[in-house]
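Per-chain numbering from 1; labels A, B and C assigned in written order.
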Amino acid sequence: MKRSAGDGELRGNRAEGLLRLPWEVAMRALEYPMRGVQRLIGQGRMPYVFVLPNLLIFGTFVVVPLFINFYYSVTGGTALFPEDRPFVGADQYGYLLDCENHLSPFTCREDRFWRGVYNTIFFVTFQVVAMVGLSLLTAVILNRRIVARGFFRSVFFYPVLLSPVVVALIWKWILQRDGVLNAVITAFGGDRVLFLAEPQWAMFWIIFVSTWAHMGFYTLILLAGLQSIPADLYEAAEMDGTSRWRTFRRITMPLLWPTMLVVLVLALIKSVQTFDEVFVLTGGGPGTATQLIVHYIYETAFATQVHNFGLAAAASILLGTVLFILTMIQMRLGSRGERR
Amino acid sequence: MNRTLAFLTRRRGGRGWHPTDILSYAYLMLGVLMMFGPVVWLLMSSFKTQAGLVEFPPSFLPYSQEQVMVEGYKDPLPLFEVTLPDGSKKPMAQVRRIGIVSQMVDPKQPDQTIRVKFEDRTPIRSLAFAWENYVTPLKQFNFMSYLWNSIVVTTVATFITLVVNSMAAFGLSKYEFKGRTSILIFIIGTLMIPITVIMVPVYLVATQLGMVNSLWGVILPGAATPTGVFLLRQYMLTIPDELIDAARMDNASEWQIYWRLIVPLSLPAIAVLAIFSIMWRWNDFLWPLIILTRNEVYTLQVGLNAFQGELQVQWHFVLAMTVVTLLPITLVFAFLQKFITTGIASTGMK
Amino acid sequence: MNTRGMKGLLASAAVAVLAWTAPAGAAVELRMMWYSDGNEGEVVRDLLNRFEQQNPDIKIIVDNVAYKAILESLPVQLAAGQGPDIARVTDLGGLSKYYLDLTPYLMDPEYWRASFGPYLQWYRQSGDTKGIYGIQNQLTMTGPFINKTLFDQAGVAIPGAKATWDDWATATVAVAKKLNIPYPIAMDRSGHRFAGTAISMGAKFLNEKGEPAVVDEGFKAMASRIKKWHDDGTMGKELWGGVSGSAYRGANEEFANAQVVMYMSGSWQISQFAKQIGDAFDWVAVPQPCGPAACTGMPGGAGTVALKQTKHPKEVAKVMEYLASEPVITEFSARTLILPAHLGVVKKGVDFKTDLRLAKDALSVFTGHISNLSPVASALQGYPYNRVIFNAVISRLGQAVVGELTLDDAYARITQDIEAQMAEQQRNKK
C-alpha cells in the first residue's frame, strides 16, 4: 500500500472530485479559526476540540437517552415523560430475572425475555461464524487469478445495498409455503417444506438470510486485507518449500489478523443488533423460536397496547451491561492478538 | 491435503489450471445465482398483477389471462382452452360461470354457447407487465419530494458522520489527554447497543429540541456512531507518529495535520465508513417512521411503506416501490462501483 | 470562505429548516394522518378535494402512513404533545384521552348521536357518556368465507345456517380429503378473530365489573378445538405458528389459490378477493358458525378522530362534519367496499361500486352479520384495553399450537400477561 503524505490530494477520478469539493471548502474555511483556537488554548488541549463535536452529538443522542432509559427502568406506568412516572425501585428487574431455573426459559415469569436471550446467543454465535467463515472463503477465492473479478466482487456486494426490510421481503417470497423454493421442490417431486414454520428451519433461514445480506461487505474488507499482504513473502515461503497450509497459517492469518479483528467486531455488532430482517421474515416465530432480544424489547415498548417502557428499559439495560462487558473482553483479546 | 489447500495461499499469478480453479469458479457461479437470483425474482414479481402474485406454482415471468372481445358482448371476455367431449382442444371465451359449470362461447361463432365443466378449461395466458403497479403509486405520491429528502438525509448525514467521527478518532488515537480512557470506554462500550432499544428516550430528546418533523431529527441522532469512531481509530493507530512529528516541525497546525495528513492517509477506512453510513441512512426506516409524520419530510422508506395497512398489504405496490427505491442506489453503485470496491480493496484496509 | 460566510450558510440552512415546518399561505392548514388497506387514501383525498373547493380557507394535508405508524408511533407522538389534527385510528378506546370533544363545535350534535349512536361509546374514556370524538367510517365484521366451488366439486353439502363449528370442521375436512386440499380451515392469526368464535362457545372475556376475566369454559372450548385442529391437520401450522407475539398473519394467498376450504377472516377481505380471485371460483360468505352460546363474529373497524392538541378546533370540526355527512359516508363506503356504520346509510343500503356478483353477495351477508351480533362481542369491542386481551390470547395460543406450551400453561400465561399489563397501567400517577 502506498501512502502519500501531507499534500491533501485525494487522487482519483471525477466522482472523487465531486465528493472532495464540499469537504475541501469546509476544511479550508476552518483552518484560520482553528489556528486561533490552538493559539488560545494551546496545542495540548487541541484533542478536546477534535473530540468535542462528536461528544456533543453522542452525549445528546446516546448518553442522555441512556440515562433516561435507566430512569425508565426504575419507574413504572405508561407515561412518556420521566417526571410523570412513579418510582418502583428494582421491580422491573425483579420481574425479568424471576426464574425457577434460569437455563429453562419457560420457568421464568417473563419467559419471552429469556427465550429472546437464548435465541440471541444461538443466533449470534452461528451467524458470526458463518458470516466470517464465508466472507473469508469468498475473499480467498476472489484473491486468486479470476476472470472478471470486478464483476464477481460486485455480485457479492450487491445485497449489501438492500434494506433489511427488502431483504426479508425477498426471502419471504422465496421461502413461504407457496414460494419459489417449494415450487422447485415440488417440481422435482418432493413435498413442500414449511421453511418458516418449523423452528429449526426458521432459525437456519434467519442465519442464512442475514449472512446473505451482509457477507459482501466483509468479503471486500477481507479481500483488501489479503491484497495488502506483500507477494514476496509468499515467494520466499515457496522457495523454502513451506507447505501451503503452513503458509496460510503462518503468513496469511497473522498478517490478516488486524483486518480480521475489525471484521469480527463489526460482524458481532451487526449480529447482536439484528432486528428488522428477522421481524419481517419470521416475525419471531414459529412460537417464539426466532424471537431475538431486540425484538422482545421493541415489542414490549411499542407493540403492546400498554406501552411498558419501564420493562423494556430494564431489559435494554441488562442487555447493554452484558454487551459492555463482552466488548471489553473482546477488545482485550483483540489487542493481544494484534501484538502477536 | 496440500493440493486441495493450495488455493488458500495462492495469490494472483498462480500458474496452470488446477482442480481448485474449477471449484472456485463453481463457487462463484453459485454465488451469482444466490446473490442475484432473489433480486431478479423481486424485479419480475413487481410486474405481476395482484392475482398473479398469489399464484402457486409461481411463474418467473409475469403472465395474465388473455381477454377477447366477442361480438354481442359488451365487455371483453376471459379466454380459456377448453377440452371438448371428443378430446379435442379449442380456445373459447367464458361468458359466465355458475358453480362448477361454465358457459363458453367460441369467438368465431358468437351466437353459440356451450356448457363446459369447471375442470375442463384452463386459462390461456400471455406475457403482460403490470406497469400500473408503478404508475398508480408514483402518481399518488409525492415521489420526487421523498427522493429528494432521502438524498438530503443520506448525503448530509454521511458528511457529518465522516467529519465528526474522523475528528474524534484522530483525537482519540494520536493524543494522550486527561479523560481519554473514559471517553474511549464509553464510546466502545456503547458500540453494540442498538438504537432500537433507546428509541423512546431519543424521541423524547428530539422532541425537546424541536426536531420532530425536521430532517435534522433524522440526521443528527445517528451521526456520532461509535462504530465509526472505532473503525477509524483502529486504522489511525497504524499511522506512524513520526509523520505527525515531522509535520509539526514544518509548523503545521493541529487542524492542518488532521485534514491534510491524517484524513488522506485514512481514506480506505473512511471509504468503508462512508459506505456503511450511506447504506444505513438510505435504508433507515424505524426511526424516521417515528420522527417524521408529515408528507413533505418523508423519506422514501417512510413514504413508500404507506401501502402496508392494518388488514391488507398491497404487495403489488410494495414490490414495485421497493424496486423504485433500489434503482437510485443501484445506479450510484454502478457508477461508483470501481471507486467503492477498488477503493476499499486496492488501497488496502489494514 | 471565512467564518462569517460559514455563519451565513448556517443561518440560511436554519431558515430552510424552519421553512419546512412552517405553515404556508393564509388558509388554515390541517394535517390528517391516514393509513390505507386499499384505495381509502385515494378516495378520501378525492372527497377532501371537494371540501376544499367549497371551503377555500381550509386546506387539509393527508399524510399517508403505514399502519405500523398509527399503531406504534402515533401514541408516542401524542404522549409527547405532537401529532396531527385528525387521524384514522383503530385503537379507538386506547387513545381516547387524546381526543377532542367535538360537541361544542358541531352544528348538529343530534345528527351524530342518531347516526353513530352505538359506536360513540367506543371512543369514550370510562365514565364518559356524552362526548363526541370521532366518525366510525369503517365497520368491519369477522366471519367466514368458503370456497363453494370446492364443495360443489366434492359433492359435499354446505352446512346450514345454524351449523356448529364442529359441523363445519367435519364438512370442510370431507371436502379437503376428497379433493386433496391442504387446509380445511384457516383462521387469521389474530386474537380479535378468535374472540368471536370463542364468544359463540360461551366465552365472556369480561366479568360483571367490566374487567378482564378471559379464561373460562367457553374460552377453553374454542381454544382446545383450535389446538386439536392444528394437531390433526384441520388447520395449517404456518398461520398461527408462523410468527410470534401479537403479529397478524392472514391466509389470503392460500384461499385465493383454492388451498383453503373455509377461511375465517372478515368483511375487509371482500375488496381484496374481488381483485385476487375475481370470478375464478365461487368465494362465498356464509353464516357465522354457532356454538352453544351464540352464532356471532366480532365487530371492529376504524374511526377518524379529532385530536386535542390541534390549534384549529373549529376548522377540524368542519372537516369532521363534512366527512360524517350522509352522502360522503355513502360514497366512501361504495367506492372502498367498506361496510358503513352510519345507521341512516345502513338503513338505506349502499350500492357498492363493483361489477362482481360474488362481492356484492358477500357484502350483503356481512351486513346481515351486524344485526346478529352478540352483546358480549359488542362489549368486548367497546372495552378500551381489548388489545391487551387479544395480544395475550394470540401470542400464547400461538405458542400452544406449535407445542412450546401446553394448553394449561397457555391459559395461565394469558391470565398472567393480562394481569401484568393491567397492573402496569394501574401504576400511572393519578
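Rule of thumb we're sticking to: a residue touches a chain if its C-beta (ideal position, glycine included) is under 8 Å from a C-beta of that chain, and two chains touch if they have at least 3 such contacts.
Fair warning: this is a prediction, and the values are worked out from it, not measured in the lab.
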Identity of the most central chain, Cα criterion: B
Chain whose mean Cα position lies farthest from chain A: C
Centre-of-Cα separation between chain B and chain A, whole angstrom: 17
CA centroid of chain A to CA centroid of chain C, Å: 37
Centre-to-centre distance between chain C and chain B (centres being mean Cα positions), rounded to whole Å: 31
Residues within chain B bordering two or more other chains: 54-56, 200, 204
Of all residues in chain C, the ones touching two or more other chains: 71-72, 76, 80, 253, 257, 259
For chain A, residues that touch 2 or more chains besides their own: 80-81, 178
Parts of chain B lying in touch with chain A, wherever the complex brings them together: 1-2, 5-14, 21, 24-25, 27-28, 31-32, 34-36, 38-39, 41-42, 45, 54-58, 159, 163-165, 167-168, 170-172, 174-175, 177, 180, 183, 185-194, 196-202, 204-206, 209, 220-224, 226-227, 229-231, 234, 238, 243, 247, 253-256, 258-261, 264-265, 267-268, 272, 275-276, 279, 282-283, 285-286, 301, 318-319, 322, 325-326, 329-330, 333, 335-342, 344-350
Residues of chain C defined as touching chain B within the complex: 17, 20-21, 31, 33, 35-38, 41-42, 61-73, 76-77, 80-84, 90, 140, 148-149, 152-153, 248, 250, 252-253, 256-257, 259, 266, 268-269, 272, 275-280, 282, 302
Contact footprint of chain A on chain C as seen in their complex: 1-3, 5-6, 71-72, 75-76, 79-80, 91, 94, 236-238, 241-247, 249, 253-254, 257, 259, 385, 387-388, 391, 398-399, 401-405, 409, 413, 416, 420-422, 424-425, 427-429
List of chain A residues in touch with chain C within their complex: 25, 28-29, 32-33, 76-81, 84-86, 88, 95, 106, 109, 111-112, 176-178, 194, 196-197, 199, 282-291, 295, 299, 302-308, 310-311
In the complex with chain C, residue positions of chain B that touch it: 50-51, 54-56, 97, 99-100, 118-119, 140-141, 200, 203-204, 207, 212-216, 289-290, 293-298, 302-303, 305-312, 314
